[in-house]
Amino acid sequence: MPKAFAASRSDIERIYRAIRRIRRVEEVTAEIYPSDKIKSPVHLAIGQELVSVGVCDALRPDDVAGGSYRSHAVFLAKGGDLNAMMAEMYGKDTGCCRGKGGSMHIGDAAVGVAGSSAVVATQIPMLAGFALALKREGKGRVAVVFLGDGATEEGCFYETLNFAALAKLPLLLVCENNGYAIHEPIAKRRARPDGLCAVAEAIGVPARKITDGNTFAVRDAAAAAIARIREGGGPEFIEVQVYRWREHVGPNEDFDQDYRCRSEAEPWMAGDEVARLAALIDPATRQRIDGEIEAEIAAAVRFAEESPAPAPEELYADVFA
Amino acid sequence: MPKAFAASRSDIERIYRAIRRIRRVEEVTAEIYPSDKIKSPVHLAIGQELVSVGVCDALRPDDVAGGSYRSHAVFLAKGGDLNAMMAEMYGKDTGCCRGKGGSMHIGDAAVGVAGSSAVVATQIPMLAGFALALKREGKGRVAVVFLGDGATEEGCFYETLNFAALAKLPLLLVCENNGYAIHEPIAKRRARPDGLCAVAEAIGVPARKITDGNTFAVRDAAAAAIARIREGGGPEFIEVQVYRWREHVGPNEDFDQDYRCRSEAEPWMAGDEVARLAALIDPATRQRIDGEIEAEIAAAVRFAEESPAPAPEELYADVFA
Amino acid sequence: MSSPEAPPRQLRYVEALCEAFDQEMARDPSVFVFGLDVDDHKAIQGSTKGLLAKFGPERVFTTPLSEDAMTGIAIGAAMAGMRPVHVHIRMDFLLLAMNQLVNIAAKAHYMWGGQVKVPLVVRSMIGKSWGQGAQHSQGLHSMFMHVPGLKVVAPSNAHDAKGCMIAAIRDDNPVIFMEHRLLYPTQSEVAAEPFTVEPGKARICTRGDDLTVVGISNMAQEAIRAAELLHEVGVAAEVIDPIWLAPLDIETIAASAKRTGRLLVVDNGWTMAGASAEIIAGVAERVDGVRARRMGFAPTTCPTSPWLEEHFYPNPGTIAAAAWTLARPAEKPWAPSPQSTKLAYQVQFKGPF
Amino acid sequence: MSSPEAPPRQLRYVEALCEAFDQEMARDPSVFVFGLDVDDHKAIQGSTKGLLAKFGPERVFTTPLSEDAMTGIAIGAAMAGMRPVHVHIRMDFLLLAMNQLVNIAAKAHYMWGGQVKVPLVVRSMIGKSWGQGAQHSQGLHSMFMHVPGLKVVAPSNAHDAKGCMIAAIRDDNPVIFMEHRLLYPTQSEVAAEPFTVEPGKARICTRGDDLTVVGISNMAQEAIRAAELLHEVGVAAEVIDPIWLAPLDIETIAASAKRTGRLLVVDNGWTMAGASAEIIAGVAERVDGVRARRMGFAPTTCPTSPWLEEHFYPNPGTIAAAAWTLARPAEKPWAPSPQSTKLAYQVQFKGPF
């Protein structure tokens, strides 16, 4: 995979920090998981962090983003509160959803994380609805929706593409194509596994595919698309080829299961953005960044552990607004 | 519109008879309608008959077809019983659905009319299901689904295209694009109004558009597609541009309403297939055919009028098989 | 909130709805009305008439045939601070939107810990008569009542149509707003100023001591007609219109049933695991010894044939007969004459729609 | 049909289901099993294990994520004479398939005048515990019970799982087959030969004269445990498992309630306009003077936090306490100790699934 994008030192450091931070949050979550303190399904982003980071780096703080149950990376890249996310996974009252959403439903309205949903593809029209509101508002804000390859098979994906194009909504659709839906490869699910961009284009949404696993390629494509979208150009679609390193749900690797093999993962691991970007940064800076990340994560875990459980009567709160 | 397809005399007579018969059934239905004897919404096929006739002419009797609430033409072209259809509209016990379905739900299983459905697009996966069964059966039978342009906006349209292509189902999708969904023109509903075939192709279904309103063009395209489908080639999509002469639902014209004007219809009326084909047939033969049709329709109306109403206890029959 | 000086004014149900949109859209720029055909010349039987001209195509617009996504889009827009009114010409089509309504709209406020609200109104119309048939006639309110987080309302007259619609638009929660096609031409007195008919309050329509009859949606009208027929034979029925089905004012119904000792619930929907079951169970949990019965759609799919359709629905005659049997168990069955059971609003109605 | 000579044999719920598929697929070539992930190495928790190898990819296959269309495809295939079993790993996802299930599957036989049949089985699993949360935990059986033309079944043990599945596959109507994730590892005696547990017959699980407790799906197990706890304090509960929810054996329940005079219905779902309302209303219509209560999910969205989730569901302790109050209204409230209320099958269960 060719990796030759121009980026300043501060770009690299910022992006490295963002990716490494997410990677480490996911790894720490995986380490905690067997303790059963996190009583909620977790779908880790390990290996796919570059997409959220690349795209969110091109967003304004007042833009809005949302994704699926696999949204730790989106949440953190968009500026979601790490303490609140960790506490949410622990089911604590201080969680971003007060313990009611768990890992699959994290959101942080204050920084434009619209929320994530566990029924595949449901978030796609939801973010288009945000885009509709942002368009009416007229301040050039943009909505971004992150979705998996599997989500493109649901009817509402196509329906949303059409309406978004028809209404020229300020919506960026970002498909993280990791080639699998749970254990089913895309070839068993799509007549034209390579046709996602063609579908978007046929419906009326300009599309672009990024296959080289480079965060800056994602960022540059997103930045260009977002600039056009802000100007009123209507929705765009970006497909990013990635690889999921861990099992679909849960903390482990699963190359010993019979649906995929490690050799498929190896090129992705070899080209890992965390390592590649780390190598581009001087050791002292890197050490400082890494140390800050570890401290932040440790504090977040402590925060989650020490936070109070919700009181029983909280069960009945917030059914209605 | 160029109209220059080679067809034998008997082809022309057969096709003429089929189209004229449907046209007249629809016209007679429209005449009866104000009497309130038909207590059910009717969606007439006038102006669009050529699609059902052209496609069904290329089908075997043991093939299966189904459509939407606008399916009088499909029903008759596929060989459905006219008496039973007329009695169904009258709500009589002798109706094809024993008075329980009405105009929007006609079906005749004996001749492969799978049934028609009034929730737009629902019939699309249903016919794909028939195609799945026919494929497993392995006798080369084919399923055809007729749908409107509006139906292509529903998620299940795309979902079905993908699965049909993936599973190489023996399914022909025929879109009767009359440019409107009720009173809404396609330009208000689709970002790319001319993109239906492109969408099908992008998903993996070969597609072809016919714009000249020629029944033989439809028949030839359908015959070619059906031959490939029978051989295991998988689904195909045919879009036929047509025009609806009457109001969306009900017996009248509606050019005085403010959503479309007669001048839009005039080229279609001028190129009407009933008149064009009639002119190709010698007057004596034509008179004979026309006479037979009138007699058949008159008999069907009589049959419907004279048939008994269902007994009240029929209400409770057939909830479960 | 209605002004005491304003002269009484009769409005049709559709006009009352339209006035609600008109007033709320003028008041609050975040309100918009959309859905298939809201902007065509028929304007959803007139209920959206004039809105396009007044508020423009950004606030009054049709959509592709994509109920699932368009519902999600409405939800997202609501979460982002707008107040969408999403219109469906048949309630049957909401079955395409169940995932978004139940899995997102109902749950968003709760599952995201109160961070977001979904002030969404979903209007839908129930078809009846002239062979609407299996897929154009369903009253599916019970399915929505079942789900915490949704409000459900079914106004039975023009006054409530306006007041409930304004309340629904102002509500910060998703509201399933169920209309009935047969009610559209019916008139009642409707105040000209904006007013609300608030969630969770039933209305006692007629007073009576012999039995309590609860009528849902247009069945409230049918029950009132049945009460008139019963009155002629000396049975005094207390007819209650719950108006809002979620939250449901079960206390008002239970208090009445406690007093009369007899409860007949008439729904415009199937009875099995439905609103009528809820009302009877809710009363049974609160009051001992009430004798209860329910009526609703026949336990079948809706047929198109008029000879069958006639028996599919409760009507003032069958309601009166059932009420008689419940109130006068010792006497022999009675039913009003068929001619006397017709409702004015049913006679008015003419197909094909 | 089970042979008297066969030695008793314990099977887990998932194994019992798998055996049903295995036997029915071998018997009838028109049966096929499909749905997301039925053919992967996890094989829907083992319930479809080995089927791919034995019956091949034409009869055991995964699908795209397209619940709406795939349901329609199953319906069409069923109308064409096949017998599809469509599998969903969560009942919540059926909300995407409501249009096809309610507008076509339930109505096809009726609306096409008996010309077609829809012998379709829709399997779905209810998730519970370990933070399944808002969208992975719903028991939506009540919505399906509401619709004429659908059958609904919720077996609570391995024996019924096999017998109901075979009955469902052989049934000529669409059957919504509701499983519960927590029941999967539970064992019971299951005959090796094919047998059916036919629609419309409830089972009396324990005999008792003090009150009738109806438990739906896994709540039948919880109710049996509650009955044991009640037994220790001298209350004899008659626990009934309806097994089939549509058609519902209300007569058996009503007869029991008539005898005990007290009825507690415990559902694995919300109570409002749900199965528990139906059962109470159905009994109230048949028997005067029964004191009735219901329990089910809290009237909230399902939270993920274990501290909240704990209070969301009925459990043997809360069931026993409610039963006590119903059976002994004059005495002071009682509840079993928390330790004694745990069910073996709940303790076994471990996330993340």
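Should a chain be cited, it is by its letter among A, B, C and D, assigned in written order, with residues numbered from 1 in that chain.
Criterion: contacts are C-beta pairs under 8 Å (C-beta built on N, C-alpha and C of every residue); 3 or more make two chains touch, one makes a residue touch a chain.
Everything numeric in this text was worked out from a predicted model, so none of it was measured.
**Q** Need the graph distance between chain A and chain B over the touch network, please.
**A** The fewest touching-chain steps linking chain A to chain B number 1.
**Q** What's the distance between the Cα centroids of chain B and chain D, rounded to whole Å?
**A** 42
**Q** In angstrom, rounded to a whole number, how far apart do the mean CA points of chain B and chain C lie?
**A** Chain centres of chain B and chain C, defined by C-alpha means, are spaced 36 Å apart.
**Q** Could you work out how far the Cα centre of chain C sits from that of chain D, in whole Å?
**A** 32
**Q** By the touch rule stated above, which residues of chain A touch at least two different other chains?
**A** Only 95, 99-101, 105, 117, 119, 153-156, 159, 162, 166, 188-190, 319 qualify.
**Q** Multi-chain contacts only, two chains or more: what residues does chain C have there?
**A** In chain C, residues 63-64, 66, 68-69, 92-93, 95-96, 99, 103, 110-111, 133-135, 148-149, 299-301, 303 touch at least two other chains, as defined above.
**Q** What topology does the chain contact graph adopt: line, ring, star, complete, or other?
**A** Topology of touching chains reads as complete, every chain touching all others.
**Q** Would you tell me which residues of chain C are touching chain D in their complex?
**A** 68, 92-93, 95-96, 98-99, 102-103, 106-107, 110-111, 133-135, 138, 142-143, 145-149, 246, 248, 269-278, 280-282, 284-285, 288-294, 299-301, 303
**Q** Taking the complex as given, what residues does chain A use to touch chain D?
**A** Residues in contact with chain D: 33, 36, 38-42, 91-92, 95, 99-105, 117-121, 150-151, 153-155, 181-184, 188-190, 249-250, 257-259, 309-310, 312, 314-316, 319.
**Q** Can you tell me which positions in chain C touch chain A when the two form their complex?
**A** 58, 63-64, 66, 68-82, 99-100, 103-104, 108-119, 148-149, 151, 172-173
**Q** Applying the document's contact rule, which stretches of chain B touch chain D when the two form their complex?
**A** 64, 95-101, 105, 107-109, 114-115, 117, 119, 122, 124-134, 136, 143, 155-156, 159-160, 162-163, 166, 317-321
**Q** How about chain B: which of its residues touch chain A in the complex?
**A** Touching chain A from chain B are residues 153-159, 161-162, 165-166, 188-192, 195, 198-199, 201-205.
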